[in-house]
Structures are given as structure tokens and as C-alpha cells.
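To start, I am sharing the structure in question, which I have written as C-alpha cells.
First chain written, first letter: the chains are A, B, C, D and E, and each begins at residue 1.
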Amino acid sequence: MPKKIINKLRIKRKAAPKTSQTVFTPPGTISYVGVHREGEVVTETIAYGPEHYEKHDKIVYSLPNDYVKWYNLDGIHDIEKLKKIGKRFDIHPLLLEDVANTTQRPKTEFYPNYVFQCIKMISYDEKDHDIEQEQVSIILNEHEVVTFQEQTGDVFGSVRSRIENNHGRIRTSDSDYLFYALIDSVLDHYFIAIEKIGDYLDVLEDEIFNDPEKESLNKVQNNKRVLINLRRSVYPLRESISRLLKEESRFLQPQTKAYFQDAYDHCIQIIETIESYREINTGLKDMYLSSVSHKMNQIMQVLTIISSIFIPMTFLAGIYGMNFEHIPELTWEHGYMYFWIICAVMFVGLIVFFKFKKWL
Amino acid sequence: MPKKIINKLRIKRKAAPKTSQTVFTPPGTISYVGVHREGEVVTETIAYGPEHYEKHDKIVYSLPNDYVKWYNLDGIHDIEKLKKIGKRFDIHPLLLEDVANTTQRPKTEFYPNYVFQCIKMISYDEKDHDIEQEQVSIILNEHEVVTFQEQTGDVFGSVRSRIENNHGRIRTSDSDYLFYALIDSVLDHYFIAIEKIGDYLDVLEDEIFNDPEKESLNKVQNNKRVLINLRRSVYPLRESISRLLKEESRFLQPQTKAYFQDAYDHCIQIIETIESYREINTGLKDMYLSSVSHKMNQIMQVLTIISSIFIPMTFLAGIYGMNFEHIPELTWEHGYMYFWIICAVMFVGLIVFFKFKKWL
Amino acid sequence: MPKKIINKLRIKRKAAPKTSQTVFTPPGTISYVGVHREGEVVTETIAYGPEHYEKHDKIVYSLPNDYVKWYNLDGIHDIEKLKKIGKRFDIHPLLLEDVANTTQRPKTEFYPNYVFQCIKMISYDEKDHDIEQEQVSIILNEHEVVTFQEQTGDVFGSVRSRIENNHGRIRTSDSDYLFYALIDSVLDHYFIAIEKIGDYLDVLEDEIFNDPEKESLNKVQNNKRVLINLRRSVYPLRESISRLLKEESRFLQPQTKAYFQDAYDHCIQIIETIESYREINTGLKDMYLSSVSHKMNQIMQVLTIISSIFIPMTFLAGIYGMNFEHIPELTWEHGYMYFWIICAVMFVGLIVFFKFKKWL
Amino acid sequence: MPKKIINKLRIKRKAAPKTSQTVFTPPGTISYVGVHREGEVVTETIAYGPEHYEKHDKIVYSLPNDYVKWYNLDGIHDIEKLKKIGKRFDIHPLLLEDVANTTQRPKTEFYPNYVFQCIKMISYDEKDHDIEQEQVSIILNEHEVVTFQEQTGDVFGSVRSRIENNHGRIRTSDSDYLFYALIDSVLDHYFIAIEKIGDYLDVLEDEIFNDPEKESLNKVQNNKRVLINLRRSVYPLRESISRLLKEESRFLQPQTKAYFQDAYDHCIQIIETIESYREINTGLKDMYLSSVSHKMNQIMQVLTIISSIFIPMTFLAGIYGMNFEHIPELTWEHGYMYFWIICAVMFVGLIVFFKFKKWL
Amino acid sequence: MPKKIINKLRIKRKAAPKTSQTVFTPPGTISYVGVHREGEVVTETIAYGPEHYEKHDKIVYSLPNDYVKWYNLDGIHDIEKLKKIGKRFDIHPLLLEDVANTTQRPKTEFYPNYVFQCIKMISYDEKDHDIEQEQVSIILNEHEVVTFQEQTGDVFGSVRSRIENNHGRIRTSDSDYLFYALIDSVLDHYFIAIEKIGDYLDVLEDEIFNDPEKESLNKVQNNKRVLINLRRSVYPLRESISRLLKEESRFLQPQTKAYFQDAYDHCIQIIETIESYREINTGLKDMYLSSVSHKMNQIMQVLTIISSIFIPMTFLAGIYGMNFEHIPELTWEHGYMYFWIICAVMFVGLIVFFKFKKWL
């Protein structure tokens, strides 16, 4: 098991986005809800066919019709840009509002001109040992896929390289396979994150068993939050993929269904693992409480044993420290020795008693 | 995070309304069930069209037929007024009874002449840091919407301003869009309230972790009540909006459905957040109990350490305070020094033992 | 809040009826299962029409056909009487067995000649602050309703007075409205009982928070039993009313359906309240355990502080009570004063330490 | 309440049967899985018609066709006998395997030539205060019922006596009514067992509240096991009876359905009671933990009070036992009296403090 | 009960396989995910008919068409071999990927040319007292069955011997019966494992009740993990077998359905047992906490009793050790005897008090 897994489980966000930001605007008003961001939106166009591949660092609409085109935007805080793209692809204002709102619940919507998919992308940051969450909105139409991301950096590296190197069947397939490949790539990174969480739970269990600290329960509560958060990202995804499987759309070809069935299975597996981890995490709470109470018991035992041994002997010593004029024992020749003998008998007797009670 | 969020989570009501007030009346008898209120009912009429806007501080029925009219009543304790309006809009007596009963469960009813919607309005009071709950009943028919509220003051400010300033598509739409806009506005304020509760839970978690007080668990129990209450307001709303989506009514135009779908998604998101908060709140309870037991352990450790160190030494001192005639040690020249050496050895030995046990 | 709500939540029954009493009889054998009762069965006939009202203190079958007749029996221990009535209304032996068995689960049965409804009547006794439960069986056929109760005294007072005073629409309606009115009256009394339980939970929460006694948890366990019991009475009722709404019967007229819809809503509201109370009651258990452990902590703190302060000082006093021949400090001129100074320093030091640790 | 209910709740079985015994045999191989038994299988044939009744202590196939015949076997360890009967009634080998396997889950199977019912028979042993469980398999075909039991002794005594004494409608009905009567008799004994468990839970609650012993929680855990076991016996029974109600079979006559509906209701009632008892049992666990911690608190209080009172006074006595040359108080004339006065003041002060804190 | 059941419940795996290994490959890429393994894949072909049986230690495709052929592979790390077999049986690349991925969720897939079944094989190792888990993938087509296993050694010994010895109906049946026999054999070993777990829970309960150790709760948490793991293996199996029962496939003959129905029942029984064990395991946690707190209480009682008895007496001794010039009692002739009498009275009084409180 690696030395360093996760310091403390958390889903990293620079600041909690506030949904209340959009409350006083009419529905369909597009406004960015998310971690504050400035600067230029990074855009990218990848176009390919069985025999062709080209990549541009900007949005290029003027590419041949028979290429599959993938338009990618890293940054959804530039509302004007969103609106322009929305117009080009004929996106409903309510959907554009969802694209710009990073607190959107994952969902799939079928429109006559496109399929809309909102999904939460999870990535594990190997350097900081953090789990990062980001919202991705995907628009699929004939030969075209548009992806909207919050930040630069994503989990689509393997998809890009498969397109570039003509690896697998992606270059010979249509945009719906690209659409699937993106979703599948997101799901794959859920597996990585979940595996890290599993390792972390193992390490935490050892820590709690061997050396529980006050911080430990805090970590358990934190895991609870993270697992709740992940569950809320994946549960709606199951419905989404189930709809992609069942509903008819001219953008989804029948031969791609087998792939979505596979993605659906992965989704179920992720959900089941998260549920297991939630139960294991609950067990950690019980273990912590028990570990702490075990430690407490040990301390109490030491106190009890020392007190029980010395308090009676101190009483005995107190007696022969009294100043009564007539204490016959004090004048006995071997009085002091007898005192020590009585003390020794009491001492040994109590030790035996505690041994018998298994407290020592 | 703001300095002051919520003192103590509660849903403010001047007095708990008693449903038992209506028990001995026949069904369909309209009687006010709610916080005691006196004084005039405040009424308002807003009428608008694409090119037109007017507002009156009373109910005005004599407005042109092609205007969309919104009649608003702040106060449902005036039964006579309710009956008059009920007659004008042909409202079923059982529904009027529901309007006047502020303990009514949120619901949607389809009648031939109107659609009835009962909803719980939640608003966060920035000044007192309180969450307030109020029942709103909405009647929708052709070109007309009637709203019944318990108190003056509501969450419809943004709707009013959008009508007045012709912002968004509200002025060009029919009464069903107004109906939607009102429900959407209520849902938006749920988001605000829930966000405040989320902030409050974070603050409470810090408090419990760092400095748990007896009051803390009371707050957790209180949160439980508030979250149960909110859940009971939102769960039926989901069914309601689902029925608005599915059932046919000549008052709900097809193009408005997309908006209700959006409201439905928001509703689901609110429910999921409430459920998450309920789980987090349960975790707070565990953290509190653990924090308290941690504090207890620390106290016990101090007691144990001090007792364990001094009780044996006190016994030793007691021995040489005895008045036996023949205690040889007492006459030794360095007896007193030897006593101190033995004490020091015991002291250091126990300290080392406790260090080893990680109790110090 | 009233001074006296409920002493201890309980559902009063003079003795638990034993279902095992009927075990060794063939199915369809009518035998009374319930609290032991003797004496005459009290019967009553109320007949009415839009223009007519009469009441008899016995069962009178010879009334005009166009009257609505309500036959009421207080007492189901007289099996012969039950059989006679069963014959008159052509009741299936298995149903008569259910009527006589007070442990029957609430249910609705549709027979060609009548509709059968079994329901649990809850009433709050203002004098003894008790909740009482009683089984009522109702038979509905054309123009006739028969009710079977366990005891004299019921929750139908308001129905009787509405019939007598021609209040509401009951006199102008048929027997199905009477049937509804009886069920509605039972539901209304659930609301009263539930309100009392809510008040009681508030009082108990205060008691547990401020002054938890050993008895408190017993009360919480008791509430659990009562709420389980109530739930078991209301859950099947929901199914029952749902069947009354959905299934066709010539005894239930379409215009009465709106009223049953209303009763159904009330039923849901009762169930939701009971569920909330169950959760709040569970929270009370946690609060109790925490309150008790808080009290324990306070006691431990006092013990720890006093012990920690005086044990080291007692050791010091013990030293100078020793009888070594050469203890130089004893001969110092200000030795005694120095001793007091050391004690004072230790005392103050420990107080400051405890203040710092927030244990004082 | 009877003096002696149940010592310790348990379901008596001489030894746990091992399902693994059959693991290495091909499916359909009939082998006995159950408590080891030897000796002859006890068989019995009861044949009856409206006017006729006869009973034989062996299996007799040669009885008139229009009689209803009930063949009963006490003992399923004699595989050869089972196979012979299986052949006579044309029973599927997989079913015969189920008959011989006492760990079989209750179920109903419809075959063209018969209906198969497997059920768990619960009986309360009045002498040993034990609950005993036994598997009964029932085969129903035209005019014939076959029952297979594990042991001699069953719960069908009342059915036998009703047949013999022509009590109720059993003699005038066909074999499907006998089939129902057997199932109903089993259900009746569930009620008896459950009632005993209810009484036991009450007694245990009193014991735990007044005088919790270490054994108590063991009993609670035991109850949990028993209730889980019962639930596992009854839940599948509900499905079974529901299938008997819904599915068509030429062996089940329409007029018997009303009786199965009644059995179904009883089944639901048993399940609900078991669920309630499970919740009450969980509450007992909480009560136990609280009772124990209450006792602990009382002990701690006594320790704290005695220590807090005497430790400071002992310190005071220690001071005036010191041997400093100059302790002025020692030479005061009333020094000893003053000492007692100070002690008395401390004593009373601490008592008042503890009274104020409600620890005394 | 056997002396040695299970040391510590665990599901043995040499190393946790990492699903993340396959993350960066395109879907349909076959790569081995599992415990690291090297060396040759062990293969085996068993062919049989009613009159015929032959066995080869390699894959032999050239056998007569009317034989049933079972091809078995122990080892799925050799991707090339997998691909070759995949080509021979026309297996979809996504399925081959599942075969090679040992973290695959159990599932059934119907393809035109074959039925695919993935299942988790559980076996109890009698020597090490371990439970081992291994993934088996089964392909069924006309007259042929292919099984893919992770390791050498499986639970199919009884199936092999039944084929070899022509025991039961396996030799006279087609490949679908072999398919069933393999699944049934896997289920049988679940029963064995579950039985061992049941025995282990009993032993653990005794251990926790009589002598709870810190390790005990760790074992309980471990059981939780194992039971979660088993549940995750069996739940999907229920769905799988249910699909085998319901869906039409030309490879599954109608007469085999009765066998799958039997397997389905076993599956339900396994699930119910696992759920029961989960609840019993949760109960063990409560018992542990209670046992530990019981032990703590006993220790506290000893401390309290000894302290309460000797602390007041030590105070008394301290008084008469004071050096006041005028302590009249010191000069009384029988002062020392009176002192002992007072001590004895206090001692007896406290003992009686503790007896009365039932602390002794």
C-alpha cells in the first residue's frame, strides 16, 4: 500500500459556489454560478475522420461536414461566449443556464436538435492527494460534440490520445461514440477516486484501531460528507445512462447501445462500492468510540489498582501515627515489622484479586 | 463565511397553529387555522399585457379580458372575504377550507375551472437570522392568478419587479407562466434557506469539535426538527410539480412545461440537499458525543496521573509518621534524604510509565 | 402551553386482549376478543331525511325506506345480538368474526350487499390525560349505516349534532356521506391526539434537557410503543381510503369521492406527523443519553479538581508529619509559613491550570 | 401476567441442521437435512365426507373416491417412504428434495397435478416455555391432502377434532378447505407464540429498567435472533398466500378464496406485530445501556461526594499532624475545637453545594 | 461445534486487484485485472453423451457434434489465449474485457450466439479456515459450455464426478443442464461458506459476552466487510437467475427452467441468511460495547467501595495524629479502643449501605 494516500478526504473547491446568486433573476437568465474565475476562456477544436485528424486552439466551425468535430471550452464564466455558442447550436436558454450553473444536478435531456448531458467529473490529484470535482456539460448532435468545463485540465487525456493515435475504434465511429467515450472516461476516473478512498478507509481503520486521536472522528465525518457528495453525483448518472439506453434519438446509433450498457454496469458498480464504503465508514465511527472507551478503561484500571492498594495501607499507617497515650502495638518490640508484614499481605492479596478478575 | 449566520436554527411561528380548532365543524366549513392575526386583509391587483402594466391596492375585477390579472391577498383570517372570492372564482368549499388552514399539506388539485396549488413559502430573515414559513395558496385560471398568503411580506418581489420592468418573458406570457414564476420564486428561496442551513451546519461542526457545550446537542436536535419540517414541505411539492407536468389542463400551455421540468429538477435538488443535511446532522450528534467523551477522558487522565503519583508517596510519608518505638530508619542519619530519593524515583518511574502509555 | 398535558403517554386499555382466545375455534366462529365486558349492549337508531329527524334508544328496523338510518351498537361482547344483526344485513360470518375481534387490522371490504370498514377510533380523555383506543366496524348499504363499538362513548358527537341540528349538508345527503362523516370524525380525533403527543414531546424534551431522570428514558420507550401502535392503526387506513376512492361500488356516489379525497389527504398528513414524531422521539433518546453523560462529566470534574488539589498538599503535610530525627525544615523558624506558601502556590497553580483547560 | 412466561427466548432445535449435507449430491437427489432422527415414521390416514369419518394408523390408499383423504407423515428421514409417496402422487423430484430438507424456505408451487405448500410450523411448549419450529410440507390434489412433518406432535389438533366431531363446515367441504384449515391452524399458533413473546418483552423491559444484569443484553440479542427467524418464516408465507389468492388452480375452489383472504390478513398482522416487536426490542437495548450508565452514575456520585468531603478535611488534619517546631495554632487553648468547627463548616458547605447541584 | 472454525473472517485475495489498471485503455481493450499471476494457463476439455465420456488436458475443438463439450480455462491472465477463444466462440470484445476483469459485477447477457454468465465463486478452505473468492465466467451455446477461472482449483468437483460416473441426469441432458449444474454448484458452496460464518458468529458472540477483547470489535468490523462483499456477489446473481428464468433463449430448454427456479430459491435463501447475519453482527457490536462498559462498572465499583470505606477512616486516624496540645480524647484510657469501635461501625455501616444498593 502506498505510503501517502490521502491526507484528509475532501472534495476540493476553492470556494463553495452559491446557488442563491441566481435567485433574483428570471428563469432562463444565464449567469455563472461557481468558484470565482477570471481570464480568458480556453477553447479547442478537434476534428477527425477515419483518415483525418486536426486540432485547433480555438473554435473553428468551418470544417468539412463529414468530420466528427469536438468543440471544448475550459471556462463557463464568460456568459457572452456561452450565448454565442448557444445560438450556433440552438440550445434552449434554460439549458444554457444549467451549463453556467456548476451546482446543476447531473441529467440528460433529449431535444430535437441535440442531446444534452450534464455530468460531474471527478479527478484524483496525485500531487496534492486531493479529489477534485468539476461539472462538464456535453452537447451531442450529428457529427458534433460540444463540452463545457469549469477549469482547464480534465480527464479526457486518454480520449484525445486515442483520437490522435487512431487507437481503438474511435476514429471510425461517429460523434455518438465520442459522446460515450467522454462519459466512459469520467466513469473511469470515478473508479480511481473510489479506489483511493478505499485505501484511505483501510489506513484510517488501522489508525483508529491502534492510536485513535480526537481528529479521527472528524475524518470519519468528513468521509461521510465526501461519500454523500459522490453518491449525489453518481445516482442521477445512473438514471441518465438508463435514459440514453432506453430513449430513441437519431443521434444515438444502435451499435453504440452495447457501450452504454457497459457504462451503465460500471455506474452500478460505482454506486455499490460507494454504498459499501458508507457502511464501512459508519463502522469506523463505532470502532473509534470503542477504541476511545477501551483506552479510558485502561486508565481507570491503573487508577483503581493503585488506589485500592495504597488507600487501605495509608489508613493503617495513619493509625500508628496517632498520638493516643495507650496504643499497645507501638510499644511491641517487633511492632514495626508486623506492620510491614500486614502491608505485604494486603498488597499481595489485592494483586491476586486483580489478577483473578483479569484486571491486571 | 459571514460572522453571523443563524443563532439557532428554527422555523419561526408566533404560535403553533392547532389543527384541532376545526375538528368539531362539518367538512367544508371554512375556518381560519393559524397564528392569531387581526386587522385588515391587505389586497393587491396587478394587471399586465405585453404593452401594459397597472397596479391597484385593492381587488379590481373590472379589468380588460386580455390582461393577465394577479390578485394577491395578505391575510386569510377574514373568512367573509375568502367566501366572496371563493364565489367569484367558483372555488369548491373543501378547497377554501384548505386555503384557510395553514397546516394544509402542499398539494395540487385540477378542477374544471381552475388549478389549485398549495405551497409552503420559506424565507430567510436577514435581520433576525430566522427562517420563516408561510402557506401560499394559488388559484390559476384563464388569464387570472389568485394568491392567498398568511402575512404581509413575501418572496415574490423579483416577480413583481420583472412584471413592472418588463424583464424576461413574463409580460409576453399568459397566466400559466406567472403561476410558474411564483412557484419558481418559492423554490429559489428554499435554496437560500438551505444554503444558510449548510453554513450553519459547518459552524456548528466547528463548535462541536472544538468546544462542545451542553447546548450543542440541543441545537442538533433542533436542526433535526427543522429539516424534518422542510422535508415535509418539499416532498409533497415534488409530487405536485410532477402532476403539473403530467396531467392535461387547458390552463397549462405546452411551452410552459419546459419550465415546470426545470422547477421539478430544482425540487429534486432541494430534497437531495435536505437529505444530505439530515445525514450530516446525524453525524454531528456522533461527533458531539465523542467530543464530550474525549473531554471526559482528558479529565480522567489528569486525575489518574496525580492520584497514582501521590497516593503511594503519601503512604510512604504516613509510614515514617508512625509512632512505633522502634523504627530503625528514623534514626538513620540520612533517612530523610533517602526518603526523598525514593519519592523522586517513584515520581520519575510513574511519569515514564505514563509517557510510555501515551497518557501524558 | 397547558400545565398538564399527558403524564405518561399510553394507550389505555383495561387489559390486553388476547388473540389466542380464538385459536382453537373453526374460522367463521364469532367470538368476542377484547377487554372483558359485561352488561347490556347499548343500541341506538338515528333516522333522518332532509325534512325529518328521529332517534330511538334501540334498534328499529321498521322505518320508512327513504330515510337514512344509522344503527349504532356500543358493545360487541353479546355474540347472539351480533349474529341477529349479521343475519338482518346478510354479513359474511368471517366479517362478523372480525367485528367481534378487537385486535382486527383496519381494512375495507367490498361485498355485493354492503361495504365493510374496520377502523381504530382514538380519543383523548381530557380528564385523565389518556389516549384511548377502540375498534369501530362500519357497515354501509343503501340508506343504512351500522356501527359496532367496543364501549359506550365515542367520537361521533359532532356527527350526531350535525344531523340533529341540520348543520352542513349531512341531512340532504345519502348514507355514503354519513359513512364518510364517521370516518372523517375518527380522523379528526387522530389530529387531536397527535397534537397532544406533539405537546408532550416538547415538554419531555425540556425535562430531558434540564433535569433528566431515570424515568425519562422509560417515557421515551413508551412513546415509541404508542407511536408504533398509532402507526399500525393509520397505515392500513390509508390503503382503505385509497380503495374507497378507487373501487366502484353502488353504495358510494361519485360526488362523495371529493370528500374521501380530503380524508385521504388528512390520513397522509397524520402518517407524516407520526413519522416525524418517531424521529423526534429517537432524538430524545440521544439527548437523554447525552444529558446524563453531561451530568456525569460535571461530577467527575468536581472530583478531579478537589482530588488533584488536595492530594499533593496532603502528601506535603504527610512529609512534615514524619518522625525522622533529622528533618532540617522542621527546625527552621518560618518553616510552617513556608509550608503554607508552597501550598498556596500549588493551589493557585492548579486552579489556573483548570481554568486554562476550561474545566472550571 | 403469568408468573412464568419464557425463560429465555429461543427457538428450540436439538441441533442445527446443516444445509451443506446435500451439497455434493446432484439436484433432485432426495436426502434428509435436519435434526438427526431415527425410528419408524408415524403415519395416519383420515378420510371423511359429510356423513362419514374414519381414521387409520397407516397410509390407506384404497378408500372411496368421494371421500376427502388426509394422509399425514410424522418423519421425513425415511427417504424410501418419501420416494414411494412421491411416486403415488407424482411429485417432482426437486419438490421431494425440498420436503426432506428442513431448511427449505416457505413457498407455494403450482403443478398440473397438485399444489405444493411448504410452511414453518411454530408451537409454544407450555411445559418448557419454549418455542418450537418444525417444517410442514403440504400436497393438495383433488379430494386428497398429504402432510409431511419432521416430528410427531403438531398444531393440527383442532382440525382433527373439527373433522371428527363435524364441527364447522369442514366435513361438508372439499380438500381445498382442509388445506386452508391446516394453514390457518399454523397461523393461529404464530399468534400464540407472538403473544408470548410480547409478554416476555414486557417482563424483560421491567427487569432491565429495575435491575439490569449483564445477562439482560444477551437476552435482547437473543430476541433479535428469534424475531429475525420468525420474520424469515412469515414473510415468504405472505407471498405464498398471495399466490394462492391470485393464481388459478383447479384444486382451489372460488368459495375458498374468502378464507385465504382472511389468512392473508392474519399473515399481515403477524408480520406487523413482529416488526413492532423488533423495534421495541431495539428500544430495550437502549434502555439497558442507559440503565447501566445510570447505575454507574450513582456509584460515581457516592465516590465523588465522600472523596470531596473527606479529602480536604484529611489535608487539614495532616497539617496539624506536622512536626514543625513553631505551629502557633497547636498551642492555642481551643485549637482542637476550632479545628472541629472548620471541619464542620466544610462538611456542611459541601453538603449544601451537592444538594444545590442535585447530586444528593 | 468444531474446535476450529474461522480465525478471523476474511475473504482471501493475495492482493486487491486495481480496476484503475484499465482506465486509460479504450473500451473493448482486453487487459487482465486481478491478482498478479504468471505461468501457463491450465486448460481442460470434457466431452460426454449418454453413452460416452472423454477428458483431455487441453482444449480440443475437434469432437463429434452431438457430444456436450465443456472447455475449462484456469487462468485469464493470458490475453492472447482469451482472444483466440473469443474468436472461436464469436465473443463480443466488451464481454472478453469483462472476462479478464476480476472485479466485474455478476451479470447475465443474452447474445444471439451464446449466453454469458459472470459469477463469483466462493469456497471455504478447510485447511486455512479461509473463505476464498474467485470470478468465473461461463459461455453457453449449443452443446458447448466454456468456463474461465482465475486460479486452478474450483468448486466443480461434484459436477465432474457426476459426469464421469454418469450420476444423476447430467449425461442425458444438454449443455444448458451443465450450465445450470455449474451455477448450482457455486450456490451450494455459498451455503457452506455461510454456514461457517454462522458458526463463527456464534463463537464470537460467546467470546464477546464472556471475555471481550479490544480485538473483538475489529473482528465485528471485519465481518461487516465480508458480509457486504458477499452480499454484493449474491444480489446481482438473483437478478441474473431471474433473467435466465424469464428471458427466451434457444440455448435454454423449457425443462431446465424448473432447475433454475430451484437455483433462484436458493439464491433468495442465501440473501436472507446474509441479511440476518448482518443484523446479528450489528447486535454483536452493541454487545461488545455493553460488555466493555459492564467490566468498567465492576472496576469502578471496587474503587468506589474501597475509597468510600477507607477515606473517612483515614481522616479519623489523621485527627488523632494531630499535635494539638489539648486533644482530650488522646488521654482517655480506652481512647484507642473507642477509635477502633468507631472505625468498625463505619466499616460495617458502609458495607451494609453498599449491600443495600446492590453494589456488592
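What we mean here is this: contacts are C-beta pairs under 8 Å (C-beta built on N, C-alpha and C of every residue); 3 or more make two chains touch, one makes a residue touch a chain.
Predicted, not measured: the structure shown is a model, and the values here were computed from it.
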item	value
Between chain A and chain E, the fewest steps along chains that touch one another	1
Mean-CA-position distance for chain B and chain A (Å)	26
Chain centre separation (chain A, chain C; CA means) in Å	43
Residues of chain D whose C-beta touches two or more other chains	289, 293, 296, 300, 303, 307, 311, 314, 318, 321-323, 327
Contact graph of the chains (line, ring, star, complete, other)	ring
Interfacial residue positions of chain C with respect to chain B in the complex	157-158, 162, 167-170, 180-181, 184, 188-189, 191-192, 195, 198, 205, 209, 258-259, 262, 265, 268-269, 272, 276, 279-280, 283-284, 286-287, 289-291, 293-294, 296-297, 300-301, 303-304, 307-308, 311-312, 314-315, 318-319, 321-328, 357-359
Complex interface listing, chain D residues touching chain E	18-20, 22-29, 92, 94, 103, 105, 107, 211, 214, 217-218, 221, 224-225, 228-229, 232, 285, 288-289, 292-293, 295-296, 298-300, 302-303, 306-307, 310-311, 313-314, 317-318, 320-323, 327, 329-331, 333-336, 339
